[in-house]
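Chain IDs A, B, C and D follow the sequence of writing; residue 1 opens each chain.
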Amino acid sequence: MVCTIEINEKPKLNDPVLIEGLPGIGFVANIAALHLISELKAKRFAEIVSASFQDFAVTTETGGARSPINELYYCKREDGGRDLIIWYGNTQALTTFGQYELCGKVLDIAQELGCRCVISIGGFKKDEVQPVPAIYSAATDQETMKETVDLGTKVMVGHIFGIAGLVVGLARLRSLKGFSLLVDTLGMYPDANATRYALMTLGKYLDLNVDLSKLDAAAEQTKKVLESFGLIRNVAEEKKKEEQQMRWFI
Amino acid sequence: MVCTIEINEKPKLNDPVLIEGLPGIGFVANIAALHLISELKAKRFAEIVSASFQDFAVTTETGGARSPINELYYCKREDGGRDLIIWYGNTQALTTFGQYELCGKVLDIAQELGCRCVISIGGFKKDEVQPVPAIYSAATDQETMKETVDLGTKVMVGHIFGIAGLVVGLARLRSLKGFSLLVDTLGMYPDANATRYALMTLGKYLDLNVDLSKLDAAAEQTKKVLESFGLIRNVAEEKKKEEQQMRWFI
Amino acid sequence: MVCTIEINEKPKLNDPVLIEGLPGIGFVANIAALHLISELKAKRFAEIVSASFQDFAVTTETGGARSPINELYYCKREDGGRDLIIWYGNTQALTTFGQYELCGKVLDIAQELGCRCVISIGGFKKDEVQPVPAIYSAATDQETMKETVDLGTKVMVGHIFGIAGLVVGLARLRSLKGFSLLVDTLGMYPDANATRYALMTLGKYLDLNVDLSKLDAAAEQTKKVLESFGLIRNVAEEKKKEEQQMRWFI
Amino acid sequence: MVCTIEINEKPKLNDPVLIEGLPGIGFVANIAALHLISELKAKRFAEIVSASFQDFAVTTETGGARSPINELYYCKREDGGRDLIIWYGNTQALTTFGQYELCGKVLDIAQELGCRCVISIGGFKKDEVQPVPAIYSAATDQETMKETVDLGTKVMVGHIFGIAGLVVGLARLRSLKGFSLLVDTLGMYPDANATRYALMTLGKYLDLNVDLSKLDAAAEQTKKVLESFGLIRNVAEEKKKEEQQMRWFI
């Protein structure tokens, strides 16, 4: 049991695009994915559990026990556009090893479903952010890069940490195309505004018209989920966390 | 040799319930499991060694060398009630990876024996505890949650660390049912009183009448085993422990 | 490549005993093994490299590049006594995981060669040591324990860290017999005197007469090997070591 | 996905020599490999991605997303000399485990292509370095050692960290021949001068005449690549790095 995937359905998809939406800086990707799933009524077809996730359960308000998990959803479009595979979850893997493992497995599944294009979304942490945040991109190839610049993005300079960077880099090594969209954010809380601009840019690229009026609700729900998984913490919690380091030891 | 399991017998069991009883906060689960094994004369049928356990041996009073180990016991009930699989041990795994591996293997075995219900027991660390401690629960599903609340438990809010949380979360992902019982405890020593209330609640759920008069003896034995494995330490030992960090290096 | 074993020869052995002799406290086992190999003209039949060893090479005086390695030797006795398998090396594994892996592989080979008895040797770190150091033992079973006590050892109380403990604990779980011999040592340098008493006790048990006059030379050679592998360090080296943490980074 | 290798071509080579050229102290090997690839118009035939590399992407000036990667190139010589396999990359593995894995895989491929000789290059960090730096060597065997001393190298004394040491040590255990060339360097920046002397010595050994006039350009390019991968940092970046530790957590 390193990285277990349970696939409930193998959807037939039209030239699908994989959209990565795990928790990261500003939780931009995570809110975006949740909103897309909700607005597009995307259907879950795979669940992924990795031994590199945290070893605990968290509880819902009604006492439901939840595990760290990643999920894959698909959305078949009726407007003739390319179908979507949405990669959602409440965690990334804890170790470099686990990140590669997880990313490799998801790309395997996506490719099996005919995916040749991968898009990751992320926050670009800044100390100050304008009301209309700047958007950056980095791509697998020159042609895709040109397309993303045409969408109004700037050339990304620097590191793209975590799955957002890994998935585009590995996509390139697999001869897939793709890019990473990075939006300016303070990064301290689930950033609905940054997500709005990410989704607007994504919408332009995919010719996809998504209603953004309920985006704040998605941000709120993301905040709640991630707080319960300890990915958003305040100082008091941070201290408690240290005490919990001992975990099952006294 | 990641996680080696030696199965001596594959018992035929009647709709068995897996009860997790590894060392954790207040050692509530560990005492409970030891007491159940002893009172119900449960029979050991599997031994589990993981490369994620500590790499040492400890000695008994008579010079016996003992390894970190997990064991599975079964108990066939003659009163027509559901049979039990008891998961006992002197350690959890040291790494997240090892925890998932261990938990996955035990669930594999339990499911092979027909198990569809998993119960974990744990302590809920508090700074102050009443003589009659509060008991909390979190469950895989609404129906089971209702049953546990009917037993007199409160809704658990927060993280359930270690195997106690993991096993219920993973059970849910495997479409098993189950819940975690968490009892208020100071958590600083093997807590016989907390265990008493855990076992009373468990007894109600399983329609199982267990004599609790020898519970203090089980707590005492648990203390002895866990001290020898270094899971209960005092300050002096803590210091010595640091020195031993160098272990086989000078 | 987790743990690679190259076996050059599968010797036919008479009820062989596995003797563990890796570097540890006081390097008692390591000196003992080197001395036995040399005096008994034991023959190397297997080399073991683990991905859990350190990632470097060290150099001999003449510029030879040497890797961290473990080796197995055998000694066929002409006096009718039980044959020996000697487990020698310049390192233990760096991680718990690697230790279990390594130990499991060596036990696999030993069992394949008919081994049913395992002896580990170690130092028992004390602040003060008598000229005739005390010897302790811990065994897999009561019968073996009685035999070791009859050799003049005391009952060991406490933890036996590293491979010395692991191999006896795992032997027990494999239904092999065996014990650990632990000699009082300051533990700060390769302790020829402690080794002398370990070998005398071992000799009694195995009915094996080994000339101990060249033991100081074995201790000296052990010191040289282990210094080159960084297992014996002084303060100056310790500081340098810290700087080298950055290793191949600037 | 532990260590994935994609082989595009299996070249037929004449008694090839594997030359290790990953980033290390003074980046001597890395510059040397890049220069050899460029001057000899070596052809890439394999790409290697390891789960033990860092989990990020870096960007080129034009927004290209690049992953941590290792590559193998070959060079067929027309002067009748031995062909070359050049091991180039922008990173070593992050863990000991990953280093062994990586090294084992590359040696597997090299041996499959008929390689029986391995050369690693490295910097030997000194506080002061002469304009003509000293060169040291360590070899798998006495005969090879004599050859390297005849090239004007001194006998290396000490540890050879990382892949440079590992590959020669493991080569020896595989009965291959080889040596490590280590040049005095301050180690603080890509050292073109040290590389010059390494390549002159290597050229002598391989009877290979390489134009060294563009070596500064190779050093400059190496600096650029490695800066983008965070292997060369200044204090300001170091601080930023710490902040990024939290990576995808807020």
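To be clear about the criterion, a residue touches a chain if its C-beta (ideal position, glycine included) is under 8 Å from a C-beta of that chain, and two chains touch if they have at least 3 such contacts.
As the structure is a prediction and not an experimental result, all values here were calculated from the model.
With every chain reduced to the mean of its CA atoms, the largest distance from chain B is reached by D. Simply put, chain C must spin 90° to overlay its Cα atoms on chain D, rounded in steps of 5. Comparing the contact residues of chain B and chain C by number shows a mostly separate set, under half of all numbers used being common to the two copies. Each chain gets a centre from the mean of its Cα atoms; for chain B and chain C, those two points are 35 Å apart.
Look at where the CA atoms of chain A average out and do the same for chain C: the two points lie 50 Å apart. Of all residues in chain C, none touches 2 or more other chains. Contact topology of the protein chains: cyclic, one closed ring where each chain has exactly two touching partners. All chain pairs that touch, listed by label, are A-B, A-D, B-C, C-D.
Every residue of chain C that touches chain D in the complex is listed here, in rising order: 1-2, 4, 6, 47, 49-59, 61-69, 94-95, 230, 244, 247-250. Remark: chain A residues 22-25, 27, 92, 96-97, 99-101, 104-105, 137-142, 145, 148-149, 155-166, 168-170, 172-173, 179-180, 187-189, 231-233 touch chain D in the complex.
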